[in-house]
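The following blocks contain the structures, represented as structure tokens.
Across the two complexes that follow, chain A remains constant while its partner is chain B and subsequently chain C.
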Partner chain A sequence: MSGFVSTRGQVGFNDLKIPGAWSRKIGKDLYEVFIGPQHPGSGHMRIIIRIDGDVIVEADPDMGYVHRTMEKLGEGREWIKGIPLYERMAIHDACNVTLPYVRAVEQLLGIEAPLRAKYLRVLLCEINRIAAYLYGFGIFGVFVGHSTMYMWPFGDREVWIELADWLTGARLTHSYPVFGGVRRDVPADFTNQLRKAIRYMRKRLEEYRKIYVDNPVIRARLEDVGVIPKNLAIELGITGPNLRASGVLYDVRYNDPYEVYDELDFEIPVFQEGDALARVWQRVEEIKQSLRILEQVADWLDKHPREPILHDRFWKTAPPLHKKIFETEGRAKLVPLYALLKVPKGKAYARAETARGEITYYVESDGGQKPYRVRIVSASARNAIVFKYILPGHRVMDLPTIYGSIDYFPPEADR
Partner chain B sequence: MSSSEVIEKIKEALGDIIESIEEGKGVVHVFVPVDKIVEAARKLKELGFDHIKDVTAIDYPKENVIKIIYHASSYGNVELSKYIVGLGYSIPRDTERVPSLYSVWTTADFQEREVYEAFGIVFEGHPDLRPLLLSPPVAELKPLRKDFVVKEETIFRK
Partner chain C sequence: MVPPKPVPKTKPRRGIFHAFKGNLEALMIGVKYFIDPKRFTLIYPKEYNKLREGYRGFIVLIKQKCINCASCARICPAAAMKMIRIPEVDEKTGKQKVKNWPVIDYRRCIFCGYCVDVCPTEALYHVPYHDVVYQNMAEMYLDLESFQKPPEYKAAEEGIPVRYIVDEERGLVKVPYKEGEK
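Take a look at the complex of A and B:
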């Protein structure tokens, strides 16, 4: 006997260990495979699948690896501190994610943001949406082994992140909308740069189509994979582009318009196929609509003179120095009133369309300086159910395709 | 359709099992007795409220009550999709078992697991009731109840 060490009895004769995944035999021809949580293809989550041959018979999404107890932490913080806390769910989609919280509190306070602030919110929401879609494309590109589709969207995302940086002062986690308004007005010449970015993005989307979406190799992997029929999509309550790619016309911007979405001219694309390819096309079409919205917002901002971007209730309490800074630099510094803000007793429910779908906030106040209860259900948390009900019946090689096409984002889902 | 029309429709459908109706900003809460919740949910689904957006539980230690609310809305009906109806019930804080609505709304699958782990309430009839985000030892502490107090560290001396 020289040098041979049997693995029998340690991990089991039939056990397989490959980096990022491991499996064990649980019955005749039935294996349990643990994918993640460190696997580059699954992010900070684990999917436990049971396979017969290489066909998935059961899937159990195991979430919670990046759970940050936001609902509990929110109860122990002043109202204004909720904004930088909740935007940690999806840092590149920060404005969309925190907007319904801000709106819910505004409803309880009985105030509304000035018109200019509403346009500025829509501006950042759409910039965030495009950046988040591009991020999703990049990750999906890695999943299906298309490295160009990883490089390109991540490079182009920088255009939108730079714009957000210029507008808000932060690349990610902007904390831009606050109760009663926004923190900054657009810098001079911003709208011209925005139009340049819109023209660039339109050109790039056409190039994405040529190299990726209409690529026969990619289509072979995406078409008719992970089909979510319309009735099942409704039954599972999934949301966002995944829902619309299954033929359901539902977008919060259209069904329950908030801010100034009802004054803007745009369309809600809907695809009927419900497969992975349709979900990619859905996002491409939605970027085009976001660009349309941004053009209109840029025109509006050009035509209208600057006006206060904070509701009077807050703005009138601002010290003279703050007002001077606003006049010279366009920045509305947080007024001291926010720190001691008491929100009237009551309950409010607000929703918004984020890049990954609908996010809902249920906010309850007992009249104090801190929320009594904030219940957040993000889009990814609602889309996670897809893995349990759609994966069975697919081959293991389809798992990254389905996972990527859902655009699942673990930090957002775990909250 | 206005929100008062939606409330009328719900009153008509649910009839006298409604205990109380509370209106919030952007939401209407309809409370029913806990033993009638499945029946009420079925009727609400027949009206067109085809999915739920979340399952929320709120703890009121002073009144010794936990409220569990299912926020339902519609994908199929554009008119109804503008409204969110919270169907809920109140239970004493020491209640251990309540009926699951998984059989009515499949969406409740993961959401009820979240309420189970954070409040320690068992949903009877749920096919796979396990903690979703928390590990079992943390879930035993029932962390979202008000008597679980988070001790936060501060950089300032107190």
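Take a look at the complex of A and C:
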């Protein structure tokens, strides 16, 4: 890596080609700046920029600093152990990132979760989505030097984490969906607290608008910065709110509805401008829609009595003690079969819309107790490339703005 | 039911007085929270968060209920739950024999709760707290004796219990914990 020390051309830059960080001689008065991986403004990644004065000429996102060989680790573990493992890609979005894995295995097993379990999954997915967006807002706020916007979303995120904690028993690593259902039913009075949180968040979004999104100072920094044109967004294959903020209608919940998303009444906002401000608005609008989904899910859960939340294949072998605990505590105990589960030979593919975009799982089984292969393509991995194309031409001060508005999450990208 | 529908949107326009109005709005909201701040910081250890029933905290074994089935060790994704062989004397026959008992290694445990959920006899349960201190790493690998006792909860001895609830106006609020609440 010594070739990266200087840009003055003493070392053979022409020859240096490392995947993700290849470099070349640029010329006189060009400086190469390494931002990250320890830089507070970059997360666990490095962005190599070459600057002429204050203007970025070239940018190279250099990822892989938090690679944990997750796909390989998954091959050495029983099926159910994959859930807590893959969850660690994005712990604050745990239900969304593990759901397609669960669904892919369910496809191979030929089972489907009961309706109530589907609603419960959607419930936690949307709670996670809101919490993850708020997390992104907080990071974005501190990037552009707005420390109020750092404190507020992190404080309000606690509301959603508290609810998720109450529902699942853990603040972040919920391990909530399992094959054929979910692990717990909603506690008594949960839906009332949820409704309060929804009403609170609606008010709060209006305050966010006033202090941050529509604040003239912030607007001046975000407007027309980091524009991703529609065709570039499609070409690069970026995904999630970033893609929708560029005017492309693509949301897995809409294009390939899973669980009960096709029965819920909500909107997919699509912003046209594609700049940093539009990306923030996109997320604000999506939080509003998530709140709408949660309201409907709360109503549904209130109207329908408690029924088994695990598929019959697992639930019918459950001893009376399990059933009693489910009746009294709402906790669906797992049958020992889960640890020894053999999944029929085959290949399955599933996807879901996480807070950062589409995540896809390709799962292959050779009929054994462990997966033969689990391939994951996460949303952040697809979004990372965008830095290379939209940073050039901007000033260095725009880098945190763009980075924050993309809501890039390195642990998810590196896996 | 109605399926989701796409809605094209654009950023709100910037009016002529935006610079004035926007700044004023931002300042007003700042003043509002300056006068009446929303704080819910936990003053730990003077206070401690009394977590709800069902929280996946530290795990305790009820030995009398355990049937030595090893389901918990088999499902543990982090290999934190292990079965150890302990020789003992059978009460009826008086013969020497070896039995397997689960023990937990908190250096590895990720508190997923699979073991508690898979145990067929409810021999394992979670205590609703997680702020437990160990003096060294070796202590975190419990033996059968210490696995049967709830870990010492220092914060509860010194602090007062509080609970967080969701409020419509103020978001999360800290309220004193009332005895008997779940």
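Please note the rule applied: the second predicted complex is superposed on the first by the 388 of 415 C-alpha atoms of A that agree within 3 Å, B and C clash if a C-alpha of one lies under 4 Å from a C-alpha of the other, contacts with A are read in each partner's own complex, and residues count from 1 in each chain.
Rule of thumb we're sticking to: a contact is a pair of C-beta atoms (placed from the backbone, for glycine too) under 8 Å apart; a residue touches a chain by one contact, two chains touch by 3 or more.
Because the structure is predicted, anything quoted here is derived from the model rather than measured.
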Quiz item: Will chain C clash with chain B on chain A after the two structures are superposed, or do they fit?
Solution: fit
Exercise. Quick one: classify A:Ile80 as touching chain B (first), chain C (second), both or neither.
Key: second
Practice problem: Check the residue A:Leu249 against both partner chains and state whether it touches chain B (first), chain C (second), both, or neither. | Solution: both
Practice problem: May I ask you to name which of chain B and chain C touches more residues of chain A? | Solution: C
Quiz item: Taking the superposition as given, does A:Asp414 touch the first partner, chain B, the second, chain C, both, or neither?
Solution: first
Quiz item: After superposition on the shared chain, which partner residues are touched by A:Ile268: those of chain B (first), chain C (second), both, or neither?
Solution: second
Exercise. Report for A:Tyr31: first if it touches chain B alone, second if chain C alone, otherwise both or neither.
Key: neither
Quiz item: Does chain B (first) or chain C (second) touch A:Glu364, or do both, or does neither?
Solution: first
Exercise. Would you check which partner chain A:Thr148 touches, where first means chain B only, second means chain C only, and both and neither mean what they say?
Key: second
Quiz item: Once the shared chain is lined up, is A:Ala350 touching chain B (first), chain C (second), both, or neither of them?
Solution: first
Quiz item: Which partner does A:Glu162 contact after superposing on A: first (chain B), second (chain C), both, neither?
Solution: second
Quiz item: In Å, how small is the closest CA gap from chain B to chain C once the two complexes are overlaid?
Solution: 6
Quiz item: Which parts of chain A are touched by chain B and by chain C alike?
Solution: 249
Self-check item: Contacting residues of chain C [partner chain A, same complex]
Solution: 1-12, 14, 18-19, 22-23, 25-26, 28-30, 38, 40, 51-52, 54-56, 69, 71, 74-75, 77-78, 110-114, 117-122, 126, 164-172
Quiz item: So in the complex, which bits of chain A are touching chain C?
Solution: 77-78, 80-81, 83-85, 148, 155-156, 158-159, 162-163, 165-166, 168-170, 173, 175, 183-184, 187, 193-194, 196-197, 199-200, 203-204, 207, 210-212, 214-217, 219, 223, 247, 249, 251, 253-254, 257, 261-273, 277-278, 281, 285, 319, 321-322, 325, 329, 331-336, 338-340
Quiz prompt | Touch list for chain A against partner chain B, complex | solution = 63-64, 67, 69, 71-73, 76, 104, 107-108, 233-237, 243, 248-250, 255-256, 346-351, 358, 360, 362, 364, 372-373, 375, 377, 381-382, 384-385, 388-389, 414-415
Self-check item: Interfacial residue positions of chain B with respect to chain A in the complex
Solution: 22, 24-27, 29, 50-54, 56, 58-59, 69, 71, 75-76, 78, 81-82, 84, 86, 105-107, 109-111, 118, 131-135, 143-144, 148, 150, 152
